[in-house]
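Okay, here's the structure, questions in a sec.
Chain lettering (A, B, C and D) follows the sequence in which the chains are written, and residue indices restart at 1 in each chain.
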């Protein structure tokens, strides 16, 4: 990817106030793959004290959306058309890592997946998988 | 519903820090239906300034989960097993209203739906529908 | 709907050999709603002798797709982009009825739902709900 | 896997009349993975002459379900709780191959995925991905 293409992703991410609220940051941007990390902040917990499904969803959805964006022209943004999440385990640990991947990139639709892991101590546990569709829109 | 059953839902909701962070509140609890409202706070926006998909998802998922809980024994909690969201329009407006409903309540699984509307001025626009599965767990 | 618009749906349906194989027929076509019925033929059963999930899916998906088509120009076809099914009960009974509905019709994407009931004796039991996206394509 | 465990899968598959109708056969059974093939028979086509989404779904769902069954006790069957399919390309070619995989196997729920490819001449094209939940039930 060109520096411009990577900067475009990082600029868009920085403009998402929801990502700042959740303490999320981009770890990796490469063609067809974006990795996002977020701590399990107290402000994003559910009633049992684990990370809320909305936290896991938010970073999984963003990683998948930006993965789609890595394969689109520079004057494009993406919006989520639909996405489904299967939760595998509670979101507990030091931080969550979401990895978004492009399955098929098209002019009108991009099919994407994401997986989210929770890191605690030295171990990494899969906590969710997502599968969805992103739609390119003019920037 | 008994006052105890309604209190149980409200107590669980109050313990979800994510809901407080998003400014969400419960509007209605009845058998098989829960309604949750949230403003589109600046802290929950995406890169275009609209509400983040994670906001819409979070209140839709919570409304659906608590709808499931209205039909379960008092010593039960629910967790989301899986849920899918189709986004219909940008989340813009004064506040979002998520209505969760039970489609089928079982001992092991509850199938639920939710719809989310955005209110702006006097109008209400559907912005998302969700369909998913909740799993009862011991409290 | 005009007779031409209804004929267009019925012609397309008649060209689907899968629908003939399953013994499916169109019961109703109106704007934004299509109803399809199919018996639970022995050739479409799963290992316990009930209707296969593929049967329930096939008529639910077709009802949803044709519901989308009722709201599109006459020179259009639709294809399924994605669809999700939650199964509620075994597909047993005399026949299955799938009702497809349009949630939002757009130029590029149509969001649809369907529900499938099983009729047995005089009773009707919901056995599945579907939620998905149809994409208009040139005929 | 033991010969008994493999035979259990093949016996269950053989009892699915829908699989026979579609000409489907099991290609591979190993722990956590099942592969099913089916030709695109004329009887399973949609209105444009390609394989119906119901065909792709049926073998994808069955491959995912049997993958789940490879990791469950011998006196168990599985039923599909919910599954979502994203279609990537038309189902055209000599035959379709569905590969089901287990993501997480639990006592109450198994999360699974499947991908479906179309083979034509010497090439293989991905045409669908599925993500869903299987539920163990007594045999």
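As a working rule, contacts are C-beta pairs under 8 Å (C-beta built on N, C-alpha and C of every residue); 3 or more make two chains touch, one makes a residue touch a chain.
Treat the numbers as computed from the prediction; the structure is a model and nothing was measured.
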item: Far-end chain from chain D, centres as C-alpha averages; value: B
item: Contact-richer chain pair [C-D vs B-C]; value: C-D
item: Whole-Å separation of chain centres (CA-atom averages), chain C against chain D; value: 21
item: Whole-Å gap between the CA centroids of chain A and chain C; value: 33
item: Chain B-chain C separation of Cα centroids, rounded to whole Å; value: 29
item: Per-residue multi-chain contacts in chain C, two or more chains; value: 81-82, 84, 86, 111, 133
item: For the chain B and chain C complex, residues of the former touching the latter; value: 84, 86, 88-89, 103-104, 111, 113, 126, 129, 131-133
item: Residue numbers on chain C that touch chain D, as the complex places them; value: 12-13, 15-18, 20-22, 42-48, 52-55, 57-58, 61-62, 77, 79-87, 90
item: Touch list for chain C against partner chain A, complex; value: 81-82, 84, 108-109, 111, 133, 135
